[in-house]
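Across the two complexes that follow, subunit A remains constant while its partner is subunit B and subsequently subunit C.
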Partner chain A sequence: MVVEQKIAEVIETSNSEFLAECYDLDNVPALGSMVRTKGKGCQIYGIVYVSATHSIEPGRRIAARGKAATSEADVFKANPQLAKLLCSDFKALVVGHSQDKAIYQYLPPSPASIYSFVYACSPVEVKQFTQSLNFLNLMIESRSTVAPDEVIAAFLRYASLTHPVPEEFLVKAGKELAWTLSNDMRRLDSILKRL
Partner chain B sequence: MTENEKMNTKLGTVISGSLTQGVHVKLDPARSVEDVTVGRYVAIQGEKKRFFGMITDISLEAVDPRAMVMPPDISVPLIAKVVSGTTTYGKLSVLPMLTISGVAGDTEGPQPAKTVPPHFARVELASQSDVQRVFGKEDKQRFYVGTPLDMETRICLDMVELVKRSNGVFGKSGTGKTFLTRLLLIGMLQKSRTTSLIFDMHNEYGWEGTSEKDHKVKGLKQLFPGKVAVFSLDEKYDQRRKVKSDFVVKIGYDEIEPEDMQMLRSVLNLTDLAVQAVYELARYFGDDKWLQSTLDLFDSGDKEFAGKHNIAEGTWKNLLRGLQMLQRFKFLVPHAPENTVTTILEYISHGKSVVLQFGGYDDIAAYVLVANLLTRRIYDRYREMVDIAISADSKKPDQLVITIEEAHRFLNPEISSQTIFGKIAREMRKYNVTMLVIDQRPSGIDEEVMSQLGTKITCLLDNEKDVDTVLTGVSGKSELKSVLSKLDSKQQALIFGHALPMPVVVKVREYGSADSYKELGPSSPGDSTRKTDGLDDLWG
Partner chain C sequence: MTLDITQVYSQIEAMAGDLKSHQSDYAQKLELAQTTLKSIPPHQDRLKKKIEDARATWLVAGLKEEISLHRAAVPCPDDFMVVASDGSHIDVDRHHSTRLFLLNIGLVELQYGSKPDAELLSLPTLYFGDEMQAIRSGDGKQALIEGQLLGIKRGVEECRGLADRVCGGETDLPVVGLIDGSLIMWGLVGQRYDDFIVEQLLDEGLLKQFDRFYELNGKRKAVIASYISFPRSADVVNALRLQICPYDPVDCDNKNCKGKFEGRGCDVVGGVLDRAVFAGMLSDGERSAVFSSRSSIIERYGVHQVCFFYLKLEEEVARVEVPLWVADNNKLLDLVHAVIVDQCHKGFGYPVSLSEAHEQAVVTGADREQFWDLVDRVMQEGSLAVQQSLKQRSKKTKWL
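Right, the complex of A and B next:
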């Protein structure tokens, strides 16, 4: 049995999104990639919409330290404490959940559990989840992301690679977007151009 | 039908519309507007009924009007594929014409549509079985005339219903009227108990005719030797063509009555006074002797007679010229050895159709004279037979269809009220006599007669007046008008009226190849009318 590698842990949670801290510094999942965590009696799926690396203390700014170093790795070698003072985290938009193997593309009844582990979804999971594209609506309507169109395009590019004919999947997803964005041609056009 | 096949036939969904304007259908994204053509039949599956209609218009629409001002960049293939059917889509206008039963096994026939299908009803291309449900299958009374455009289904005409009314075949010269008429006559012979009397001005129906491509095509006599007799006015023509007619028609002077002269007024250039003079002469000499006696008077150069009877010299001369034209016709003899009318009726009563060939007399005067003269007498006798049958409560004589060409010569507004053909078109249906009129200028035919024609079959017409005349009183006239003017100039015809539940454009079936004759002869499959004749008689 393949043991799944956990990548992060939920440290802030709500019905529509969660914040997860990565175990490894600077090792965050890609923008638009799909992750999975646990909720009450269900698995919750999220799409990474923003990730960051920063100081663990909000009031303490990180200073530049590499002036004398020859490579970026030397900076860490010379300052081993940095790994403990910095952290990487990401936010994921909740797009659906599964219960008893059935996938539901709407918000789960309760948020992801705090401290629950976060896993990167496998291509098989992504393919299975994207058989239906009703969740796109959640992404389009989301107010929390700064550039939702970028996230949508990134996710669709990433998900298309899990399908046997990526082109077909993109057309199907594009049509779904076209229905939702029928009164906003410019936005549709901008997303489609990123695919 | 499997899911896949269902998807293949799906055309779109109903989105709006009305009964009078037709319903609007959003084209399925999988379909291209270029694959759909005006005039195609579609079926709309409602909740309780299945509707049958025709595509009358196709348009391009956009969900967001801004898309028209700022068109998406369709040079990117993905964008082109995405916007087609979503942001922009094709819209069809469909006129629901009939409702056909939606339940399998229901035998109720097609009914005129009195409502529209609900929102989002599924629209599909009409299947073979839909078309069959509307137009019927080829059977013992339905005759296959052609196929709808873009389809292989056979459109059949109910020949028994067809012949109950007078019908018309119209079309410009060279559009296939003769071929179509020949097919209809074959249909009548094959599928109904009708007998025909065909006034064949150009010798095209009895024996071999020629097609536009100059190859010979069989005539009715060759296809139905036992059911068709060819009468000829011109023995010499028969000899030249090396054919033997069943009867050579001779018409005696004593058979020509003043009424016949009235019909000939325009073709012989007679004045009204000259026609009046004919009546005067007939009163004086008698109906059967006036012509011979008048000709004798002319021969003897008697000039006093006219003066004595108040006939002006000009009128007398005008009449002389007219009658001299008649004398040129060799089929006119002082006294005919056999009565043609009696012979024709004898053949007809034995179920034989008669083709009267004019041979070399392709003069309109000969045609008008003979067609009028014979038809008038046949009409009288037929009427008599029907009256007797009604009073004796016995079987009426079989339906008789009289076919005339150049119909506007007989049915123009000036004379249609007086000619026998006008009368037949208007009222002879009750006496089992109807007409098949063939004409290239339908606008020359009296409106009243046109309105009485049951089924009209029209090939390409491009004169505005002709098109208007043919389509007078038909619902959906403007749509049909565009259909009619877009017909191919060959082998296509628009059929509408009594014998069909809705107008249809057909590609006329093939006629003239060896294969086509196999189905057109008397032993065609489904032609069982004659075989059961005996049984009918036995059981009454």
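Right, the complex of A and C next:
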């Protein structure tokens, strides 16, 4: 039995997105990757749209410390407190949920539970979720992310690798995007160029 | 209406002008202090005796090493630990109906070397009820802890937290325990506190914690030291006053300079601080000679008699205080010196462990407000009457 490795914990949550703090510093899931967490009676799927590493205290600026160090690892070795004063987190856009093994590509009835664990989705889960591409609409319409086209393209590239023939998946996704963005050719072109 | 800063501006200008006019006078005094220090012969027996015999009005440093000594730091051990402690408090607020106070102790444990690690803790304790909020004597006397006494109590608890952490550890690595400020309980000096208060805060409080460090030395190198940034002390300059003083034995108030407030022979170095003298005599990372404090309260310290040295860092001269048993042991003294230089280097001029301990301990204005709101809420939920003075209410609600 494969034991799932939790990577983070939800610390801010809403119907459309959640913020999760990673357990390991500087070890955030890739942009556009898919994660899963728990909601009330369902599993919630999100796509990582931004991640950051910063001071745990908003007012404390991080200073450069490596001038005399020979490697980046030496900075942490010489300053062991840093690992406790910095944290990495990411925000994920909610793109669907599952209940009783059925997948729904629309927002769940309630947000992800606060402090619920976050797991990186396995390739099997991603493949299963992307059998349908209705969720793309949620990503296109989202106003959360500053570079939505980058996130959409990153996710599609990442998801394509879970399918037997990645190119076929990308063509299917391209058609879906063409349909959704039929009145915005500039944006469609921008996404397609990134696939 | 708040402070009218435009009115203050001209006064600040006048102050700056006044300071400027004394600059060249001060530079001369400083130069003379440094020349005097350098002129003292290595055996310095005459000055030592003069200090021992003196009845001076100021606090004079005791000489333990050659006064002009300057020594570079040895390298830090390969593996070692630094544990630092700092504290904050919320004092008793007489405008609140509930009498209580809160101490927040910040503790930081940093391990360097092959297994770097860090532990950062914030340990708040609420003191409430008669038992926790007073110091009592065996014969029924009591002193309520608040104001200055609370500040002293906090110092004891900072040190207790430090000793708990160091003595509770299972490692045998060399460890330096650091506190911010002085090892000398200045709050008790010159105050007319009953002996039971001094006994409980100093003998049974602070010094008992020093004992724990001292006793730990059988098992591992363990020292306690305090760090004073930008010190305003002049103990060494006062020793130079004695060197300059034409009288021997020195008896300032009763004989030699009775009634004189200025114009004394030794005033040629008056107003100069130790840090200024050593800033020009030490190189970066070097320490001065070790001196002993001769404050009246030190008599109670026994084996923990406070000694100190000055340490030149890139941007300031700091004062480091250690107990006598550290000062008398070269290996322990070298450990303190090396570790503090390293800590300052890592903390951009101030020991990083102390800086983080402060961050763990700090209680902001917003924290205080939230604390009192929480106290009121919990009291109300428990159907307890919450009263506050009308003055307090008037401050919260600004009427027009």
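We take it that the second predicted complex is superposed on the first by the 195 of 195 C-alpha atoms of A that agree within 3 Å, B and C clash if a C-alpha of one lies under 4 Å from a C-alpha of the other, contacts with A are read in each partner's own complex, and residues count from 1 in each chain.
Everything below uses one rule, namely that a contact is a pair of C-beta atoms (placed from the backbone, for glycine too) under 8 Å apart; a residue touches a chain by one contact, two chains touch by 3 or more.
As the structure is a prediction and not an experimental result, all values here were calculated from the model.
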Fit or clash between subunit C and subunit B when superposed on subunit A: fit
Subunit B versus subunit C as contact partner of A:Ser71, first or second or both or neither: neither
Partner chain in contact with A:Gln5 - subunit B first, subunit C second, else both or neither: neither
Touching partner for A:Leu170 - first (subunit B), second (subunit C), both, neither: first
First, second, both or neither for A:Ala63, with subunit B first and subunit C second: second
Of subunit B and subunit C, the chain that contacts the larger number of subunit A residues: B
Contacts of A:Trp179 with subunit B and subunit C, given as first, second, both or neither: first
Partner chain in contact with A:Ala83 - subunit B first, subunit C second, else both or neither: second
Where subunit B and subunit C come nearest after superposition, their Cα distance in Å: 51
Of subunit A, residues touching subunit C in the complex: 57, 60, 63, 65, 76-85
Interface residues, subunit C side, partner subunit A - complex: 108, 110-112, 116-120, 346, 348, 352-353, 356, 359
Residues of subunit A defined as touching subunit B within the complex: 167, 170-171, 174-175, 177-179, 182-186, 188-189, 192-193, 195
Partner subunit A, residues of subunit B touching it in the complex: 29, 63-64, 66-67, 70, 72-73, 76, 78-79, 81-83, 85-87
